[in-house]
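First the structure, then my questions, so here it is.
Chain lettering (A, B, C and D) follows the sequence in which the chains are written, and residue indices restart at 1 in each chain.
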Amino acid sequence: MSLELIRDILVATVPLLLIFPTLFAFTTWLERKALARIQNRIGPNKVGVPLTRYGGRFSLFGLGQPMADGIKMLFKENIVPRDADRLFHLLAPILALIPAMLVLCFLPIDFPWINNIQDSVKAFMLDGAVIFFFAITGLNTLAVFMAGWASRNKYSLLGGMRAIAQMVSYEIPLVLSAVIVVMMVGSLNAAEIANAQAGWNWFIFTPWGLAAFIIFFIAALAETNRSPFDLPEAESEIIAGYFTEYSGFKFALFFLGEYIAMFAISGLAVTLFLGGGAGPGVAALPWLSVIWFLVKIFALIAVMIWLRGTLPRLRVDQLMGFAWKFLLPLSILNIFIAGSALHLLAGGRLAGLDEKQPILRQLMEGANPLVVAGLWIGALLILYVAANGLNQLSRAKVRPREYKYAE
Amino acid sequence: MSHTVNHESILGKFPGTNWDQEAGALIVPTVQAKEIATWLRDNDAFLLDYCSNVTGVDYLECEVKEKVTKEDGTVETVTRTEPSRMDVVYHLYSMQKQTGPLVFKQRTNREQPEVESLTPVWRSCELQEREVFDLFGVNFKSHPDQRRILMWDEFEGHPMRKDYTEPFDYEWEPTPHDEILEKHQRGKVIV
Amino acid sequence: MSLLGGGIFKGMAVTLRNFVGSYFYKDRLTTNDYSWRPSDKLPQHAGEYPKEEGEQLRDTTTVTNYSRNFPMLLHDGSEPMDTIRCVACQICERECPPQCIYIEKSTEKKENAGGKPQFYPAKFDIDVSVCMSCQICVEVCPFDAIVMNSQFELSTPDRFGGLLLRRDDLLKSNDYYHNIHPEEAAARDKRIAEEKAAKEAKKKAAAEAARKKAEEKAKADAEASEGTPDIQEDAE
Amino acid sequence: MSSATAIAPNYELIQQDGLETSLLEVSMGPHHPSTHGVFRMDVKLDGETVVDLQPVFGYLHRNHEKLAENMSYLGSMPFTDRLDYFNSMTNNWAYALAAEKLVEIEVPERADYLRVIMAELTRLVNHVSLVGFFINDLGALGTPLLYAFREREKILDLFEQASGARMMCNYFRFGGLRNDVPEGWLDRARDVVDHFPVFLDEYEQLLCENEIILSRTQGVGCLSRDLAISAGITGPMLRASGVNYDIRKVDKYSIYDRFQFRVPYTDGNVGDCYDRFMVRMLEMRESIRILKQALDGIGDGPVLGNAPKVFKPKPAEVYGRVEAPKGELGFYLIADGTPKPYRYRVRPPSLINLTVLRDMCLGQKVADAVIILGSIDIVLGEVDR
C-alpha cells in the first residue's frame, strides 16, 4: 500500500468522521430547541462557551449543551446487568454505529478536498452504491436485536422484537420507492443519480417521484425509529425498549448511531429525490453544492423533528398493517405507473436511448407537453384514489363520532 | 338531594331484616344478604343497580350511657354494655331511577367475622371487599379473589381495627422530640 | 371525505403555530426565565425571584397575598420575647394534623406587650420537615400569635437539626408580616383592633353599667340612710 | 346484568419439536413511565397481546382513614388534599359536604358560588391534564401535555392567589371557605375562563381528528354499559359507556340546580378509549358554561358560616358525595360524640374505576393496556390512600 493511498483514504474518511458527529451534536441541540419551542418551552439556553469562566454569561442559546451532555455521558457509570450477555451487550452499540457511519460514504457530497484523490478511494463512485446502502443499513437491525437480546430484560427483548419486525417490513417500501429513481436514471450509482437531477430536474417534481418520495420518507422514519414509528423504544409502553439497560457512553453511542443513520437516510432521500447537491448558484460556485446538500438534509430532519413534536405513536399491529397493506401496494402501483409513464413518453424511442445518459431526461426533451400534463394528472389521480381505497379498506370504522347531551 | 328509598316493603318481604333508625340503615342477616341484594337489584320498585361504597366498621365492646324515662316521668341514666360487632356497610343507589342511597349493613361478630360477598351481585364490591378483608379482617364467603390489597401479603394483623397496635419496628420518621424521639434514642428505629 | 392524513396536517399546523408563536407572544411562552435579571422589581411568583451569582437567599419572600409556607411566631416590638403574642395555650399543638409542633409552657408568668402577666412558650419547636403548610395552626390560634411565613429557601445539609425550627428562629416581628403579606396583615390588625375596641367598649359599658348601678344603689342607700358616704366602685 | 369477573382465555402452550414456549410475564411498574404513579400491573404477554393482567395496589398506602380517625374533624381536611392531588378542591368539598350534613351547617351563598367556581376550575385542570397524559401515553412526546400544563398553570395561579397554595389548597371549611378571595380575583378568573375556549379550540384541532389518535383509541378498551353500572364506574368513564348519570344533576348538591349545563354522554355502543377522551373534552366546554354563569351570579357576603372550628357532632352516620372530576367521591362519616370521627371512609373513584381494568385489557396489545390505564384516569394518592 503506497503512502499516497493511505493519505487519500485518510482525506476521504477523516473529514466525514469529524463533520457528521459535529452535525449530530448540533442536531441534538436543534431538536431539543425546536421541540421546546413547539411545546412552548425555552429549551436549553444556559450552557454557553465550554470551559470558560463566562460560559454561563455568554450562553449562545445553549449551544454548549451537546458538549455538556457528551461529557456527562462519558463520566457516567457503565452498568451491565448481572445476567446480561456481556460481550454482545457491549458490542451492540458499536455495531449500531458502524453501519450508520459506513453508509455516509455513499452520499454523493462533493467535498472540495476529495476532488484530487484517486478514484478508487471515492467510495460513492461505486456502481452499486444504492444497493450497498440498503444492504449495510440492514445491519442496523442486527445491532438493535443484539442489544435487546443481550440485555436480558423483558422490555429490551420486546423492543428488539419490535425493531426487527418493523425494520424488515419497512425496508421493502423503502427499496421499492428507490427502484423508481433507478428506473428513471438507469443507474445504481449515487453520483450519477445526483447528476441526473442537476438544475431543477429533481425527481420529487414528477408525480411518481413525489409519491415515491413520500413513501420513502415514511419508510425512512420507520427505519430510523423516529416518531411516529418509534415503537422499538416506545417510552410509554416498554420503558426505552432495547435502550433500557444502556447507560453512559454506550447509550451515547446508540444515540449517535441513530442520528447518523438519520443523516444517512436523509442524505439518500436527498440524493434520490431532492436533486443531491443541486441548487441555485451551484453552476457558478461548485462548493455550494455541499451547502445545498446539507441544507436539504437539515430540512428533512426539521420535518422529522416537527413530526416528532406533533404525532403520537402507532400500535405495533397498525404499524405492520401500514407497511404491508398500505405502503407496499402503493409503491408497487407506483412502479407500474412510472413504468407505463416511461413507456408512454418514449413511444418507440426506448430502444434508441443512450444508456449512459439519464433516461427520463432524454425522454422529457422530446415529449409533447399535453401528454406530460395528462400523465401528471392521471398519475396523481390514480395514486390518490388508490391511497384512499387502501385507507378505507384497512380502517373503515375509524372516524370522529357524534355525542349526546343530557340537559 | 336524591330521593330516598322506601324501606318499609323490604322489611315486610324479608322478616329477618331490621331497620336501624339512628343510622338510617337496613340491617340484614348475613345468610340472607345475597338473596336480598339480588332482589334489591332486580326488583322494579328499587332497581338498586349501583353499589357505590363498601366499607367495614369495627365496634369494640363499650359502655353506653342512656337516659331512660321511667314510668313515673323521672329520667335516669342507665349504663349498659354494648357488645362488640363488625359491620360491613354498602351504600346502594339506582342509576336507572336516580334514587338512593339505601344503606345496607351486614352485621357479624368481631372475633370470626364472616359475611356473604356481594361481588356476584355488584362487581364494584370486588376491590372494596378485598379492602375490607385487608384492613378489617372480614372474611367474605364466595369472594372470587380474596387477597390483601393495600397492605403487603406478609403483613400481620388488620390495621383498621380499633384495637390494632402498630409493631415497634415501624419505620418512624424520627422527629426530634416527643415520644418518637424517645423511641429513636432507644435505638430500635429504622430510619 | 376529508383529505388523507388531513388530521395529521391540522395537528402539524397547530404545532407550527405554537413554534412560531412562542417567539412572538408572551402568553404562548409562559415559561419563566430563571436567569438573573438586573431589575429590582419584587418577585411575583416563586419562580421569578432574582438571585445574584452564588448568593444564598434565606429570607426570600413571595408577595402573593395568601401564599404560605411554614408558620412563624409573631411579636409586636423590638425585643421579641418581651412582646411575644403566644401564651403557650397549646391549641395549635393539639390541632396540628401532622403533629409537628412541640410546646413547653413556661412555669412563671411574664408581662406581655399589653402589660399583662402571661405564660409564654419556654420551648416552641416546629419540625418543618414534617409540617405540611396547612395553616390550621393559624386558624385555631385565638391570640393571632402564629401566622404563615413565605420563606422558602430552607434547604440545609442537616436533616434533623436544620429543619427543626426553634422558638427564636420562628419569632418574626409584625412589621415583617406586614412586609410579606400586606393585605392579610392589615386585615388581621384591623380585626384585632376591632376586637380590642369591642372588648374595651364592652368593658366600658360594663363599667358604666356597674357605676350606674352603684350610683343608683348609693342613691337608694343614701335615701335609705342619709349620712353614709358614697361608695365608688371601681370595676376592673 | 353481567357482573362476573372476566376469565382469561384458556391458553395452551405450544410444544413442538422439543421446543417449549411460555408466556412472557412482565411486571409493569411500580416504576414505569406510564403507570401514573407507583402502580403495578402484572402482565402476561403472548408476543404483544395481553393474555392476563393483575393490578397490584398499595405502594402509596398510608392508611389515610386510620390517620383521620385519630384526628379532629378539621385536622383531616388538609389530608384530603393529598388524596387526588390534582383536585384538592373537590376533595375538600366532598369532605366538607359530608361533615356539614353531620352537623347541619348552612353555607353562605357567596361561599357556595366560590365552591362551584373552584370545583369547575378543578375539573378543567383535571380533564385538560388528563387528556395531555393520555396522549402522552399514546407516545406524543409531551406536546399536548405541555399545552395542557400551560393552561393548568394559569388556573393554579388562581388557586394560589385564593388559597395560598397551588395544589394542596386546603381551602374549604365546614360551613364555607377559609377566606374570601382577594380583590380582583374574580376578574382574573373571568379572564382565564374567557380565554380557555380559545385554547380548547386549538387543542381539539391538534387532537380530535388526528388519524393516528383515532385509530389508536377507537375500539380499544371497550366497556359495556351493563358492566360499567355493575362495576360502579363513575364520572366521565361511566358517561362514555352510555349512562347519563352525573351527581351534579342527580343530587343537585350545593347550588348546581341554579346553573344551565349539559352532560355529554354516548349511546353506549362502544365505550372505548376514544369515547372517554372525547367525553372529557366535551365536559370541559360545559364546565366553562357553569363557570361563566357562576362568575356572573356571584354576590357579596360572608364566605364562612358561624360553624365552630372544633366541634363534637352528635352520634350519627352520613354519606356525602360529589361529582369529582374522576367520578363519585364520597365520604362516609360515623360520629360518636367525640371530636374525632369514629369511622372515616373515603370512596375513591380512581380505585373503583380500576375494577374493570383487567376486563378491558384482556386480548389487547400491551401498548393498549397502557392507554386503557391512562383513559381510566387514576391518581395513586387516591387509589392507595
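By definition in this document, a residue touches a chain if its C-beta (ideal position, glycine included) is under 8 Å from a C-beta of that chain, and two chains touch if they have at least 3 such contacts.
Because the structure is predicted, anything quoted here is derived from the model rather than measured.
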Nearest-to-centre chain - CA centroid comparison: D
Selected interface, C-D versus A-C, where C-beta contact pairs are more numerous: C-D
Between chain C and chain A, distance of the C-alpha-averaged centres to the nearest whole Å: 62
Chain centre separation (chain A, chain B; CA means) in Å: 63
Averaged-CA centre spacing for the pair chain D and chain C, given as whole angstrom: 33
Rounded Å distance between chain A and chain D, as computed from the means of their C-alpha atoms: 43
Set of chain A residues in contact with two or more other chains: 38-41, 309-311
Chain D: positions in contact with at least two other chains: 143, 147, 150, 206, 208-214
Chain A residues touching chain C - in the complex, by the definition given at the top: 34, 37-42, 45-46, 306-307, 309-311, 384, 387-388, 391
Of all residues in chain D, those that touch chain C in their complex: 71-72, 74-79, 143, 147, 150, 153-154, 157, 160-165, 168, 170, 178-179, 182-183, 202, 205-214, 309-310
Sites on chain C touched by chain D in the complex: 2, 5-8, 10-11, 13-15, 17-18, 28, 30, 45, 64-68, 95-97, 132-136, 139-140, 148, 183
Chain D contact footprint on chain B (complex, rising order): 1-2, 22-25, 41-42, 49-53, 55, 57, 89, 91, 95, 98, 101, 103, 119-124, 126-128, 131, 135, 144-145, 148-152, 159-160
In the complex, chain D residues that touch chain B: 1, 3-5, 57-58, 61, 63, 65-66, 227, 229-234, 243, 245, 250-253, 315-317, 319, 321, 328, 330, 332, 334, 342-343, 345, 347, 351-352, 354-356, 384-385
